[in-house]
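See the structures that follow.
Presented sequentially are two complexes of subunit A, the first with subunit B as partner and the second with subunit C.
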Partner chain A sequence: MDTAAPGGGNSGRKVVVRVKRRPDTREEPRWEEFALDWRPHMNIIICLRDIAERPVTRDGHATTPVSYEASCLEEVCGACAMLINGVSRQACSTLVDSLEQPIRIEPLTKFPVVRDLVVDRSIMFENLKRMKCWVPLDGTYDLGPGPRISPEVQEKYYPLARCITCGNCLEVCPQVNENSDFVGAAILSQVRLFNAHPTGAMHMKERLAAVMGPGGVADCANAQNCVEVCPKQIPLTESIAEVNRQAIREAVFGWLLG
Partner chain B sequence: MSTHPLTMSASKTDDQSAFFWRKLHSLSGIVPVGVFLAEHFWSNSYVLVSPEKYDAVGQELQTLPFRPIIEAAGIWLPILFHAGYGFYIWGKGKSNAFAYPWMHNWMYTLQRWSGLIAFLFIGWHVYTARFLTGGRSNFVTVHDDLSNNLYAAFYLVGVLAASFHLGNGIWNFLCKWGLAATTRAQRAAAYLGAAVAVSFTLAGILIVYSARYNFHPFARYIQQ
Partner chain C sequence: MREPKIIVVGGGLAGLMAVIRAAEAGVPVDLFSIVPVKRSHSVCAQGGINAAKNLKGEGDSTDRHFDDTVYGGDFLANQGPVKRMCEAAPGIIDMLDRMGVMFNRTAEGLLDFRRFGGTLFHRTAFAGATTGQQMLYALDEQVRRFESERKVKKYEGWTFLSAVLDDHRVCRGICAMDLKTMEVRTFPADAAIFCTGGIGAVFGRSTNSVVCTGSAQSALFQQGANYANAEFIQVHPTAIPGEDKCRLMSESARGEGGRVWVPRKPGDKRPAKQIPEAERFYFLEEWYPKYGNLVPRDIATRAIHKVVYTQKMGLEGAPAVYLDVSHIPRETLDRKLEGILEIYEKFLGVDPREHPMRVFPAMHYTMGGLWIDNTNQATNVSGIYAAGECEYQYHGANRLGANSLVSCIYGGMVAAPAAIRYAGGLDKGCESVPTIVYENERRRQEQINDTMLHAEGTENPVTIWKEMGDWMTEHVTVVRNNPDLERTDAKLQELADRFKKINLSDRTSWANQTLSFCRELQNMLVLARCITRGALARNESRGAHYKPDFPDRNDAEWLKTTRAHYDCGTIKFTYEPVDTSTIPPRARRYDAKA
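Presenting the complex of A and B:
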């Protein structure tokens, strides 16, 4: 039963949250600790909202609200990925009651920090373009409707289309770091999706040429963390192996058989 | 510029050499390096029959025609390439097995360390068994080496590292060449790799034990 009114804290139970703050990226990050009133079904976004409502640290110092990104609050927009107790996940679907306290909240480490918990994930969009994860449709004349896709094929590939570009799969990947330009699992999975699409398949060779280039599929070293952490349960390791198979076939037989 | 309406920008300029070397690296661990390891364990397992048989097989191998060429092209160069490129790959990754302790992530980290250990062991093994014996190692020299506790311990570590590295490498190879593409196939590949690793480890331990303690369980084959 709800005994505590929102923000009221009648139950007296507290949630201790430590946030890695970096309001100004020219400065070093620092930790701030907050003691929030516990509420049933509280998730991490609610914690950050409560801090914004009353930005006072646990030891009584006034501070600023924590910057963070969130939109859908139901794990479909991807915006709220962050490190929670050291694990990369979506803040909106992470329940406080499932976590050990104090709860440590940090920004993702594989993307540039913009402010506090906000990171810049535009590299993922750049890499989608680099690996040609699109279907070119604009031309000088009407191309007519594309080929039909059977329900079986739709069903098989729909899961790949559920990617929300959250970046969790890149965050946990040992191969994605400042020494490498590996594009990561999400992008390789989109390569598979667009190669499977009947219109996209018309550009498979160009896509494979890109994916066999720098930062492409060969940089995957099979740690398979991506598939463990993907909030949309996308079969990322199957996608990568499939793209590997297509690329190998192209490399071994492409020059031979055309 | 192409005028076809459905053209993407040209990408033929993409440098695909890294793709080539990465895939070759993965393959070279199986063929020829893994195959050589299997052959090496096989010919050494003759010690389980008798010292005489062991020496005869050794003689046979030491008198292969074209031996220097076969060794250079089939063993030394592939091992050096596999190790060298492997260290380069290691340098480009950042292990995070403690933060994300899933099984395959541990395998990722252990693959690197077992490769390093196996490489050091192979270097030492070649030095002691090949150069110190002037290329004429036989049961007596091996038995003497393995009677030394430190030698025997290092052999066991080397056997374990090489066996793990090969087993996990088979799994990696099957995934990276797209031969095991579904989750089910990858699970089967993982079991295959584990079976190889365990078999090689057991065989290796048995060989070391046999050479050290003069233990020849298959000797009765030649008695009849």
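Presenting the complex of A and C:
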């Protein structure tokens, strides 16, 4: 809970951080190294803020503050996903003391880089749209309560609803690459969530049609990296398996059920 | 008839609700947000949303919700709007339920409700301890549905710079900047609804997200929109202090039975678990037997300050107290509070199911905000509406926990139809406004960018921001003394002067975050003065505003809304009466016996 200001470090201990910089999409990336004053409970966000307050590299060259995305700083908004020592994770909840130094910070590789650590993850939101990840609603006027849901069902599906669209599961998936349109685990898990909701299930057929299309559930090769890296411990592989079963059922019996 | 054109700025709960209402009415709407809307600060709301559904056989009613809210807010809220909000709340819960929000359930499959601060009823519906996240996602999904039907156009990754005002000071659109290309562009509209959230960054470290700077509100204030009750700032009693932010530990921890305590012996070095029950000082329970740990936030925060600073009983002498849930069964904790306990565990490496959490108050919420009227969420500038935390209407001098989510949704529900009615009634729409009006505003904003980018000074914006935050936190939060407020005001003017000698250290024109931060910082400095000067002027204590030199509420002189006007760099205050038409003001005493 020590909150000493940067520069006020008295221990002399340093945190060495290497950041992969890329000023814009035309330029090639380069590495810059910084030596920061260590303080207790430092996370990666604090490191990046220290650099912004004193944008000078370890060897004394003036540079620009590092561009990065961050918002809630408590691992619930999903913004600050990046590669830290090669691991795809949220910068806010990554504590410096848990890392080997020099700490290497890079942008995610499966999304287009905008600048430095900022990547464009809009494809994930587009895919949520494509997969119709919502409950169809007649309107927001007062139509009385929703369907009753047992506590068991709520407890099973609430964890899926905690997905923060951070993109870590896509980053580590070998099936997400330049030659594939695979939507990835996060999106398929949302499909499962909305297929399970009593009202959401009314759109299951349309969702499954999208899931059986290009980039859908068939593209999963079961590497199971997604579930390892998910910061919210969402049972992503279970979700994919469930959506796969639903898709097969739909493919085999869909025409019968109309 | 011409089709009205509506803009919504901000994609948190209030903004998304306004968008949905406009899209449902068939009115095309453009939505602007700094971040992808799914990452808005509403995700951080933890404990729940209030509505008097009375599903626990306690005889709760919307009238009681209304009374708790007005009393909790120390009678500073206008009662008409609060009453309507409380009456709408049960329907709002039903709507969210139909949208698929994964609320916790009872054995019968109905919505479960928990206790929260400032009420004796189980009135708070919740989805674990991530209720705001669940609600935001539900609204986000509905907006995505409208987006796929081309009824909504999103501009994510744009920051609001200013309103476009015509010669009659009527809003005709907005001016915004693309955070990637840094393009400054104007967007014509007949009405704009601002749902731009909180102002935590003005206090440096708070429980708010990085994006909660209040920059948009401040920009509008400087363009003539009034700002009301700025001095009312909520400091949440239980947060984990941190250098980058103070992480909230929801009131729901206490709603589910969590207890706040310190060792009776100051400086007691024993681990918490080894301190026997009789040697623990459960000060909230002793001082407030009826409400116990669930007194309103201003009361709990001042109690913690008293224990730490007056009685010198902070943990091992440090500014911290215990928030203890370790007596609650693990299974209950994981079912109802997992989201927050996980935060504590991840950031401090200690399991709060086993060990009491160390917490301290932190700036959390602004009751004040853009002045709006009592019926339409309309600001004093024609064509500008506001909803959510960025306006002042529903919480008076202190907000009750779990009332913010309901005020966001309700405000959005009221603002959109009101803006559409206004737009429909205009003689001439934005299409008839001369292009020069837009052109001038764009040039004015580009000029500001140019000046900042080329400033050759020596001041670092992050340093100025930190100094502002430290001063505001020390002098303009829990305890306020006039000499300190005077000094803070002087300091803020010094910082504003130093801001003129800024150096951006990044002069590029691609995804330049330093530039957008500086624009925000300039606006924050104005808002900081508005808060400080408002606090200086109000010589009484009411709700979250506490002055030891004026310890009592003074209705004769101060049962008034503070209304700030910005005039060529100076801030002026006028005061207007509060609507107390339904509940006559009475003494606010939470220390009464059970």
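Here, the second predicted complex is superposed on the first by the 239 of 258 C-alpha atoms of A that agree within 3 Å, B and C clash if a C-alpha of one lies under 4 Å from a C-alpha of the other, contacts with A are read in each partner's own complex, and residues count from 1 in each chain.
By definition in this document, contacts are C-beta pairs under 8 Å (C-beta built on N, C-alpha and C of every residue); 3 or more make two chains touch, one makes a residue touch a chain.
These figures come from a predicted structure and were not determined experimentally.
Peer 1: On subunit A, which partner's contacts cover more residues, subunit B's or subunit C's?
Peer 2: Partner touching more subunit A residues in the overlay: C.
Peer 1: Between subunit B and subunit C, whom does A:Thr140 touch in the aligned arrangement: first, second, both, or neither?
Peer 2: Both partners, subunit B and subunit C.
Peer 1: Mind working out whether A:Ala35 is in touch with subunit B, subunit C, both or neither, as first, second, both or neither?
Peer 2: In the superposition, A:Ala35 touches no partner, neither subunit B nor subunit C.
Peer 1: Which partner chains sit in contact with A:Glu74 here, subunit B, subunit C, both or neither? Use first/second/both/neither.
Peer 2: second
Peer 1: Name the contact category of A:Met204: first (subunit B only), second (subunit C only), both, or neither.
Peer 2: Neither partner.
Peer 1: Tell me which partner A:Glu238 touches in the superposition: subunit B (first), subunit C (second), both or neither.
Peer 2: The answer is first: A:Glu238 touches subunit B but not subunit C.
Peer 1: Is A:Cys92 in contact with subunit B, with subunit C, with both, or with neither (first, second, both, neither)?
Peer 2: second
Peer 1: Please work out whether A:Tyr158 is in contact with subunit B alone, subunit C alone, both, or neither, and reply first, second, both or neither.
Peer 2: Touch partner of A:Tyr158: subunit C, not subunit B.
Peer 1: Residue overlap on subunit A between the subunit B contact set and the subunit C contact set?
Peer 2: The answer is residues 132, 136-137, 139-140, 143 of subunit A.
Peer 1: With touch defined as at the start, can you tell me which subunit C residues reach subunit A in the complex?
Peer 2: Those in contact with subunit A are residues 17, 20-21, 24, 35-36, 38-41, 43-44, 91, 94-95, 97-100, 102-111, 127-128, 130, 133-134, 137-138, 141-142, 144-145, 147-148, 156, 180, 205, 209-211, 240-245, 247-248, 318, 320, 335, 339, 343, 346-349, 358, 413, 460, 462-463, 466, 505-506, 508, 510-514.
Peer 1: Where on subunit A does subunit B make contact in their complex?
Peer 2: 86-87, 132, 136-141, 143, 172, 174-175, 177, 179-180, 202-203, 206, 209-210, 212-214, 216-225, 228-229, 235, 237-238, 240-249, 251
Peer 1: Which residues of subunit A touch subunit C once you look at their complex with the stated criterion?
Peer 2: Within the complex, subunit A touches subunit C at residues 1, 3, 5, 23-24, 39, 41-43, 45-46, 49, 52-55, 62, 64-65, 67-79, 92-93, 95, 114-116, 118, 121-122, 125, 128-129, 132-137, 139-140, 142-146, 148-151, 154-155, 157-158, 161-162, 164-165, 194, 197, 199-200.
Peer 1: Within their complex, state which residues of subunit B touch subunit A.
Peer 2: Counting only subunit B, the residues touching subunit A are 5-8, 11-12, 14-16, 18-20, 22-23, 89, 91-96, 99-100, 102, 104-105, 107-108, 171-172, 175-183, 186.
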